[in-house]
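Below is one structure, written out as structure tokens; the observations come after it.
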Amino acid sequence: MNSLKIKEIIKIKKENQYVKTIFFKYDENIKPGQFFMIWIPNVDEIPMSVSYIKRNIAAITFRDVGDATNKLFNFKIGDKIGIRGPYGNGFKLNREKIIFIGGGTGIATLAPAIENAYKKKFNIKIIIGFKNKNELFFDKRFGKLINNLYISTNDGSIGYHGNVTDLAKEIIKDEDCLIITCGPEIMMKKLFELFNTYQFQASLERYMKCAVGICGQCCVGHGLRVCLEGPVFDATMLKNIKDFGKYKRNESGNIKYF
Amino acid sequence: MVFGGNLIDISAKIGSIKIKNPTILASGIMDQDAESIKRVFENGAGSIVTKSIGLKPKKGYLNPTFVELEHGILNAMGLPNPGINDFKQEIVKIKKYGIPVIGSIFGSTSKEFIDLALKMQKFGVDALELNMSCPHAKGYGLEIGSDPDLVYNIISNLKNTVKIPIFVKISSNLTDIIKLAKAIEDSKADGIVAINSIKAMKIDLTIRKPILSNKIGGYSGKAIKPIGIRCVYEISENVEIPIIGVGGITNGKDAIEYIMAGASAVQIGTGMYYRGIDIFNKICIEIKDWMENNNYKKLSDLIGVAHI
Amino acid sequence: MVFGGNLIDISAKIGSIKIKNPTILASGIMDQDAESIKRVFENGAGSIVTKSIGLKPKKGYLNPTFVELEHGILNAMGLPNPGINDFKQEIVKIKKYGIPVIGSIFGSTSKEFIDLALKMQKFGVDALELNMSCPHAKGYGLEIGSDPDLVYNIISNLKNTVKIPIFVKISSNLTDIIKLAKAIEDSKADGIVAINSIKAMKIDLTIRKPILSNKIGGYSGKAIKPIGIRCVYEISENVEIPIIGVGGITNGKDAIEYIMAGASAVQIGTGMYYRGIDIFNKICIEIKDWMENNNYKKLSDLIGVAHI
Amino acid sequence: MNSLKIKEIIKIKKENQYVKTIFFKYDENIKPGQFFMIWIPNVDEIPMSVSYIKRNIAAITFRDVGDATNKLFNFKIGDKIGIRGPYGNGFKLNREKIIFIGGGTGIATLAPAIENAYKKKFNIKIIIGFKNKNELFFDKRFGKLINNLYISTNDGSIGYHGNVTDLAKEIIKDEDCLIITCGPEIMMKKLFELFNTYQFQASLERYMKCAVGICGQCCVGHGLRVCLEGPVFDATMLKNIKDFGKYKRNESGNIKYF
């Protein structure tokens, strides 16, 4: 059984103007890339990747984009959230050379995988892209680990001027590496096309309800459940998901093109 | 193949509908799009019921719409669906794949049911399932399905309008399920599907509130099987039309229990949560194993034997 | 004792009835004789409901009357009882022991209820519980308790006749539990007890028959808790009189969930099977522990908080 | 969970004109003195002590007294019964000197305890009483084990002429022994009075429904459940069971004096 647990917020970190991290006690196993369903009482229940995995603590890092995240954003230490999970498959760190490419809050999803790869002494590069320098977060967290941290901003206010796919094109040369990405789906799709001969893993987002693979809300491709068989899909699977980078289904199940 | 008389026949018939095995995907479970439905079919389901479809796109309730409980699950999706027009492309695909499909529809008036039914028929579904039992949708579902006269009228009108078989899905949240079943039989419906999930609630002690955004939800899964079995048994004592048993089926023995109670076939929903998407194949194997060990050759011989 | 403000008050009040803690023995469980009732009381129950008593001795159904299921139990006892006259000696003893006792009665007519109620009152019970919800007794129980007008009449007549508080035990096997609850409130009853066991069935595959001699039985225990919670919540949204929550309570948190849903006290039946006769003491300790950990001082402050 | 299991009858032994033993496969633990609820489909479900406990086999031994036992009596090999259990506490062989005293079918209940005590090389005596020699059973079974087998018949057609309590009075001298008895309650009560300074265990019978301690049908004394805290009660408990040897409750719960 994997029932809802109520957690008290024990620490809050403001990553930037728009992004916060919320910490709570958690001592069961989580794989990097997995997510929780976060219940914000009276408001909503939403999926959130785990952004920190420590011995007794887990965290989520989120952007204030709507009702639920806004309420979360204004939560204080001691406030309570419900969590269920962890759900999904998580990343497979099955190569020693890994390039992580994150866009926006997708970076939160990558963070535990990056720290894991670092601990395993893998050869890693990190490329992260933002709109502008005010949106920057986790740069220090990653910078502490490695030198190979590449940043892009759309307006050039910090790092490479341009989007993350262009930066990636410049940096990635070694066909032998595994690319792991999380970010806007259009970005991931572009990367997938650019690096179509590479080992590739992308973490997808779809509207989620049950998160346990029965309601069918999050299905992509040939009936793959993002909540269960995903959110991480590899190149072989992505090739068969024709929705990838093209469309999502909304809460009603209607197709909405990106 | 017939080797040494070892053939075990688990094909099923619900009125005029014939399916290769008695396991049908229940409405609302991984059946929002054609590709998911195809995947379930490839995992052994004899037939598939679509998500319940209404006239217009419907978002359903806000999350939380799902809670796992100790002995089952609780959901209050709120009948989310893309609306009948958008759903056309899914049905067309499903039929292109050659999958026997039952179109589930819900409406609040006889006219709505007729509009939906005519479209479903045109799109090519093999049969209709009228959802008259959703435990938590206001103005739909159980609110209609608890009034035998209304149910009788809606179905009679439909029977005058559409040609494909009509199954009616009912609830156990009724004072008198037999009365409703008889009204359905009188209305000339082709079968009864029992049961939908049961009205229930989970309150979180720390937050001191019902967890579901809709507060009340539908209870499904293992815990409800004895209630579903009782409903099928009671209905089958009182009507002649075929019954499809649903509620808490997770293995072959559960399916056989429903069949002995009087079901011609069974639907499986929450079971997928407990045993994975290939629960249909698993259950078929388990049914066959059990039949072999107990010297039965035809599953249909077991329909309703618990009444004898 | 009050040490450092550590006092936790779990006393309960159901209308005018005050009990030391909110756990009450449910009707039909180890309550056929005064000595058993005394033993349960000594194991911590705040009050006790007697077995449902009728006018004449009744053997009940033939065995099997009990089946253990995966997530609960199924019983069809058939209201066995020694009859009101023989039961006098038990009540007299119970009262001699100073145990707060609620006399459960069942009848098929208003007159029967009045005869029984007057005798129970004379024997000395503290309150009455009208069993209008037995799921499997023909002519009694649910057959009466599903007709709000009949229920209203029976209770109104009783209220004109007896002085002790009257609680009415209802079933979840109803299309509209709110309507019944309102009829009960209108009839001036002093409280509603919800829920009785739920109509269900178990078929044995090898024997190919329902196991219970009565075929249909009442489902109780863990599996039914979410249904009981929903009923108490719905009732408490719609009436003002006190509610006693029953169904699937096995631990302190279950009891608190019922109280948050709107119950003033709870009854425990099948839980005794899972946790032994001292389940009452255990649950009281668990309630107190939970209250202490969550900084609550008075259990009554938690009644119905899930509605806020 | 302790749910109903269906068993095929694999062997039937006619013990005498009125008594049969029915064997079925069973490989879980049973303590001597425990009982099963035996479901005879379409007829009844009744309590029956386990009369044989072997590695993979158990049995019940019963007298044809009514509907259910009559149906059982006419069962053939291959016929099916339902069983649930084993229920109850069983005997405690907590002395090395034991005298077993059985009357009628109560002897079936004692048999596994006797064999157990024999295996433990305890010092045992067996006293069994019958109406007449046609009712005799298990005499060979016990005779094989020990020499100290004493038989009484009411008509003297075999063994001691008189009832078992009289025989017991003659035989039992050693206050140091444990008396274990099963038979008509009046007989057991008499023994209990006769040997009121002895260690004593008696197995009681009451009408049973649930057999798991919740319906309250079988309660004796201060709310003791024969199905759960019994059926075996020791001297200390028996002293507090004022119903013992006096009255039973019928299916309706009315008191019926013996």
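The letters A, B, C and D name the chains in turn, as written, and every chain counts its residues from 1.
Note that in this section contacts are C-beta pairs under 8 Å (C-beta built on N, C-alpha and C of every residue); 3 or more make two chains touch, one makes a residue touch a chain.
Note that the structure is predicted; figures quoted are calculated from it, not measured.
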Check: Using mean CA coordinates as chain centres, what's the subunit B-subunit C distance in Å?
Finding: 34
Check: Once you find the CA centre of subunit A and the CA centre of subunit D, what distance in Å lies between them?
Finding: 69
Note to self: Report the inter-centroid distance (CA atoms only) between subunit C and subunit D in whole Å.
What the structure shows: 37
Next item on the list: For subunit B, jot down the residues that touch at least 2 other chains.
Entry: 69-70, 206, 209
Notebook entry, point to check: Mind pulling the subunit A residues that touch 2 or more other chains?
Noted result: none
Notebook entry, point to check: Chain adjacency by touch: line, ring, star, complete or other shape?
Noted result: line
Next item on the list: Go through the chains and record each pair that touches.
Entry: A-B, B-C, C-D
Notebook entry, point to check: Along subunit A, where are the residues that touch subunit B in the complex?
Noted result: 1-4, 6, 37, 39, 41-42, 44-46, 80, 82, 84, 208-217, 219, 221-223, 225, 249-255
Checklist line | Residues on subunit B engaged by subunit C in the complex (per definition of touch) | finding: 69-72, 74, 146, 173-176, 198-203, 205-206, 208-210, 215-216, 219, 222-224, 226-227, 229-230, 233-234, 253, 256-257, 260-261, 290, 294, 302, 305-306, 308
Note to self: If we count contacts the way the header does, which residues on subunit B are in touch with subunit A in the complex?
What the structure shows: 28-33, 35-40, 51, 57-60, 62-70, 73, 75, 77, 80-83, 86, 204, 206-207, 209, 211, 213, 269-270, 272-273, 277
